[in-house]
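Each structure below appears as structure tokens.
Paired with chain B in one complex and with chain C in the other, chain A is shared by the two complexes that follow.
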Partner chain A sequence: MTATSAGSAPAMRGRSTGLSLRRLGRAALFLIPGLAVYGTFLLGPMVYSARISFYDWNIVDPTRSEPVGLGNYARAIADPVFRRAVVNTLVYTLVTVPGQIVVGVAMALLLNQAIRGRAFFRVLYYLPVITPWVIVTLLFEYMFVGQGGLVNWLLRDVLGVIQQNVLWLADPILTFVPIHLLGIWKGVGWTAIIALAGLQAIPQDLLDVASVDGATPVARFRHITLPLLRPVLVFLVVVLVIGGLNAYISNLLITDGGNPLDRTHFVLTLMYEATFTRLDFGYGAAISYLLAAFVFMVSVVQIRLLRRRVEL
Partner chain B sequence: MNSSIQSNRRRGKAFTYLLLVLGCGFVVVPFWFMIATSLKPQAYIFDIPPKLIPEEVTTANYTEALGKDLFGIYFLNSMMVALSAVALTLFLSSLLAYAFARLEFPAKEQIFYVLLLGMMVPPVMLIIPQFLVAKNLKLLDSLVGLIVVYVAMNVSMQTFLLRGFFEGIPRELEEAALIDGASRWKIMWRIVLPLSRPGLAVVAIFTFLYAWDEFPWAHVAIRETTKRTLPIGIALFQSQHLTQWGQVFAASIFALIPVVVVFAIFQRYFVRGISTTGLKG
Partner chain C sequence: MRSKTPQALAVLLTLALLVAACGQAAETTTTTTTAAPATTAAPATTAAPVTTAAPEAVTISYWHTMSDPETAQLEHVVAAFEESNPGITVETTRYAYDDFKAALLTAIAGGEAPDTARLDIIWVPEFAELGALLQLDGTMPGFDEIAASVFPGPLATNHWQGHYYGLPQNTNTQVLLWNRELFDAAGLTGPPQTLAELADVSCQLSSGEEQYGYALGGTYFWAPAPVFYSIGGQVVDEGVTTASGYVNGEASVAAMQLFSDLYNQGCLSPNLLGGGIGTSDGHATGLYAMITDGPWMVDIYEGSYPDFEVNFSLMPTGPDGSTSSVVGGEDLVVFADTDQQEAGLQWAAHLLSEETQLTMAEVGVIPTLSALAGDAALPPYFDIFMQQLETAQARVPHPRWSDMDNAINNAFQRVLRAEQTPQEALDQAAEEINTLLSQ
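After this line comes the complex of A and B, so read on.
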């Protein structure tokens, strides 16, 4: 069917312009509804946000907004609270991404064996993934309550690791323990399913031959499974890193938006506070663009690394 | 010799099961604890040692949370928003995906890439301008404002996914219908969509879970109490009743039921959807 549009003799140009217009007209019926929603509520806002970030935005009367050039960006980079939020977000990412991958791949290896009840385990492990963030966050908050929480009781009375209750939620460092653990706990099921799909694509013959040749399970994992799993691992790392940088709800609810003393913010909780509590829209937009730029860079790396494997 | 290999293997298998069951423990204990807590009277909430099996079982938390707060209304709001978002996303993404899979038109590639941009944008970054757009369009404090944004956030990914499905359908089927004089529109509805049920199921499931879970946008866009969705209702309820964990979890379990039902029904599509597309639930 594409053959007609390839008829490019000069004499046909008039006809083919008419043709392509008619084609556009016919396609419009399919394209316009979706693109209208997409343009109004995603693409348009994305562009609009760039504009806002260059202004001291006046929410009451936008026409009276002061242009400040890169002022909001400069302010963010100099702001110790923002820097702290960046560090917190990076630490969260550096802890939860390897955590999810190590545990998830281990789970996938277990699930990839010929065992009964595989479907059951798979479903069960997926439960945290589909549970809304708000619910699991509150659940972790409750388990980590200082007085009478499940975790303190386990550590103190059952395992005897601590002498007295730890006030997890009131300390600017310890409060990240439940946040990080939640990030891993909630994401592992997804990581495992993706890794399992990758493992199932590895030809069993290869592993059998190696094992006949006397390769130990560890050697087989290191020299066969791991290299063949590499594309999947790259994909996992990139998606999880983006997810980690965008972490938001668990921090917002557990630290109550950066408490104590604005020391526990993530980038996005800070953005939220700047925008909707202090009504500093320009500053919030600048922060979100800084984050987006970073995420975009990670995405570009992803596409580069995966280009050979995936046709877009 | 042979028997030692066999016993080795048996030991290996036992070890596998041990680890898998241990993993289950980590997953199940928090959920179990949530259910147990929702059934405890308030006086036992911070009992030491914490009881995984309530000494005294009560349904008071459920009746109280559902009666005192507006969780019934939040539930209906969430359901309405999620189902509408699913229906609209299915409709709009199918149209787009069909155009990109089968129609020829100018600037097709370019338009497709612009659409794919939506897969890369961190969602929370859009909240500020979306807030301003919604304000101008008088869509704040309205469920419609939630629905359109959820659709916009999903349409890129789902179009991408459906285009793949549509391309997998043999062209011959459509060409025969074209020769018989059927329009593209009719072909999409009569031939392509019925053959793409698994793909449509994946789109529906993920859009539903997304809308059911979504917190940041609803948190910003909704101020009026009666328009809240469940995540907002639960989070705000907890911040107002700090220690009423029994009621918080009663409401949470209430909110979790549709998720588990959807998951149980569509489990096989689910796993296939995740492992073939890498969608994140």
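After this line comes the complex of A and C, so read on.
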């Protein structure tokens, strides 16, 4: 592996130094359509919402908006509902990212075996990923209904671990049980497919040699599979963390805007509520910028820390 | 030659994108222009001469959140309007209630607001303050006449800073629904007449997790409001200047105490905290003996529980012997940005006509025209709602009402969770509402 990459590197370098203005012009022609779309639909709105975040914005007549400087940002940082939302979002990320990775990798290991109906299981495990969020969220909400409900029935009538119905969705902590479970359940299929691709790139010879030398399956996993899977795991962590911090739909539907007591918001649901329920566009824009800054910082730190030992 | 191909390709791609963008813009304009003559052309076989003779054809949009039966009925209303106003086409768009506000805001911000819409009465001050709505007094021909013909309560929900920004299209309120079967089984002869009786009966009809005497849909203000107002509770003073002494006044605290006691005794279903079984299903299946709800329940039960017998009763009276409830409903508004103001106002007048109001009443929509009270053509179950409306009260007409509602909602939650006493919780709510009033 090393030999090949070392051999191709100088060739690549030689070609890239030949970059001329003419070539750049031609590249620009190709880039323009993409950049135009990016500028119109992403960059433009981003800059515009940055501007909104410094105003007490009037959506109907923007000229009537009053500049408030960093007021919206200061308000967010002092707002207990926002702080709680930040904590909830972080906890969600800390629970669902390891959850998805552990279960996903375990599933990938199983799917990597020569078992009957392997293709069928691969499709089956991937199904939650392609199911719309709204539908599965409503399904989870239905399962966790506080009076009766499938989960209560299971815990009370079948397993006998609770005496009384639990009002899952009425409790600011227990509400997160379905939200976290859903986050893991819906994500593992994707995690498993990515991990599976990583597993299949691991040379079988290495594993065979290790078994000949008497390594147990656990030892083989720890000393061969896991280290070689590391680049894939790093990729998964970075992508899943960004996804976790941006979680939105399941929370919006289950808590219906921070219920109970505005204690169950995620950062994005609070942003949505501030903007579209309270018409506080400046505040909503400030929240989205705070989140964007945080996600950017986390991603930079993650890539720096993890890159040391892994080439991404 | 080789280098030309990618260049040409890139140019082609850019062009394709541009064409696609322009094409889309063109499409929207053509639909509006072709749609209009089509209506005038419809009665005649030759289109061209008719269009020149007929008044200029216009299309107005109307956004709403009606139920299935209401939407079906609306088609008749539109047909009648288009027939009597040749040249005007009404394009109706239906939204889910929860998405409606966001959809309207997005449209307003993008300069694509509809010409007219049916808004929840509590949103009118909010949109009026944004400057999105057309002031109707002094603008709409015959406004004073129409305003004088509707119930004053619903009309007041359109009032913001000295002017009217809408007309009450329909009204409603909540009354008590009681499950006769459960009452009979407990040996009770009829629904409670006073709030004290309501409390007793609620406990009499409760048994563990199997049955609750009374249930509320949630802790948002609409749910406890009928009892809150019947007991004499108030949110703010008449001039909408302060909440101190009102939302945390004696009667308001007593209302909160009543709910708290019932909940702690197991006589009020815990579903109001969230994530339980809804009141309409629970009431029909015998889980909740009593609920408070609106006139639409007749149609809902006809659809999902056709055998269930719906029984309405006036809200039980409070300590001063009077009954009350909360006014709900929708207002018809015309948007300030409309370029079809005249046609929009004609449509508004049509929606407020006796003919339209009677048509919509067939599917459970209560009219706002006072002349129709007691009309033989109205469904008999309207009587009790009309009677309750006489004393029903409107929520605070203020652009920040949603936030005030949230403050009361949270206070109610803290009481039920025993985090605060009713007095403490409502003192906090009063402070929060005062802050909102001062903004």
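Rule of thumb we're sticking to: the second predicted complex is superposed on the first by the 261 of 312 C-alpha atoms of A that agree within 3 Å, B and C clash if a C-alpha of one lies under 4 Å from a C-alpha of the other, contacts with A are read in each partner's own complex, and residues count from 1 in each chain.
Assume a residue touches a chain if its C-beta (ideal position, glycine included) is under 8 Å from a C-beta of that chain, and two chains touch if they have at least 3 such contacts.
Bear in mind the structure is a predicted one, so any value in this text is a computation, not a measurement.
S.K.: Would you sort A:259 into first (chain B), second (chain C), both or neither based on which partner it touches?
M.R.: The second partner, chain C, only.
S.K.: On the A-aligned overlay, A:44 touches which partner chain: chain B = first, chain C = second, or both, or neither?
M.R.: first
S.K.: When the two structures are laid over each other on chain A, which of chain B and chain C touches more residues of chain A?
M.R.: B
S.K.: Would you sort A:216 into first (chain B), second (chain C), both or neither based on which partner it touches?
M.R.: After superposition on chain A, A:216 lies in contact with neither partner.
S.K.: Tell me which partner A:144 touches in the superposition: chain B (first), chain C (second), both or neither.
M.R.: second
S.K.: With both complexes superposed on chain A, which partner does A:276 reach: first (chain B), second (chain C), both or neither?
M.R.: In the superposed model, A:276 contacts both chain B and chain C.
S.K.: After lining up the shared chain so the two structures overlap, which partner does A:291 touch, if you call chain B first and chain C second: first, second, both or neither?
M.R.: After superposing on A, A:291 lies in contact with chain B but is clear of chain C.
S.K.: Determine, under the contact definition given at the top, whether A:58 touches first (chain B), second (chain C), both, or neither.
M.R.: In the superposition, A:58 touches chain C alone.
S.K.: Taking the superposition on A as described, I'd like to know which of chain B and chain C A:168 touches: first, second, both or neither.
M.R.: Only chain C; A:168 stays clear of chain B.
S.K.: After superposition on the shared chain, which partner residues are touched by A:29: those of chain B (first), chain C (second), both, or neither?
M.R.: Touch status of A:29: both partners.
S.K.: Give me the intersection of chain A's contacts with chain B and its contacts with chain C, in residue numbers.
M.R.: Of chain A, residues 26, 29-30, 33, 37, 145, 147-148, 256, 276 contact chain B in one complex and chain C in the other.
S.K.: Along chain A, where are the residues that touch chain C in the complex?
M.R.: Those residues of chain A that touch chain C are 26, 29-30, 32-33, 36-37, 58-61, 64, 141, 144-148, 164-165, 167-170, 175, 256, 259-262, 276-279.
S.K.: Would you pull the chain B residues touching chain A in the complex into a rising list?
M.R.: It is residues 13, 16-17, 19-20, 23-24, 26-28, 30-31, 33-34, 37, 45-50, 88, 91-93, 95-96, 98-99, 103-106, 111, 114-118, 120-130, 132-133, 148-149, 151-153, 155-156, 159, 184-185, 209, 212-213, 215-216, 220, 230-231, 234-235, 238-239, 245, 248-249, 252, 255-256, 259-260, 263, 267, 270-271, 274-276, 278, 280-281 of chain B that touch chain A.
S.K.: Help me check something: in the complex, which residues belonging to chain A touch chain B?
M.R.: Within the complex, chain A contacts chain B at residues 1-2, 5, 20, 23-24, 26-27, 29-31, 33-35, 37-38, 40-46, 48-49, 52, 62, 106-107, 110-111, 113, 115, 121-136, 138-140, 142-143, 145, 147-150, 153, 157, 185, 189-190, 193-194, 196-197, 235, 239, 242-243, 245-246, 248-249, 253, 256, 268, 271-272, 275-276, 281, 284-285, 288-289, 291-292, 295-296, 299, 312.
S.K.: Which part of chain C faces chain A closely enough to touch in the complex?
M.R.: Spelled out, the residues of chain C in touch with chain A are 3, 6-7, 9-11, 13-14, 17, 101-102, 105, 108-109, 126, 130-132, 209, 219, 269-271, 273-277, 287, 402-403, 406, 410, 413-414, 417.
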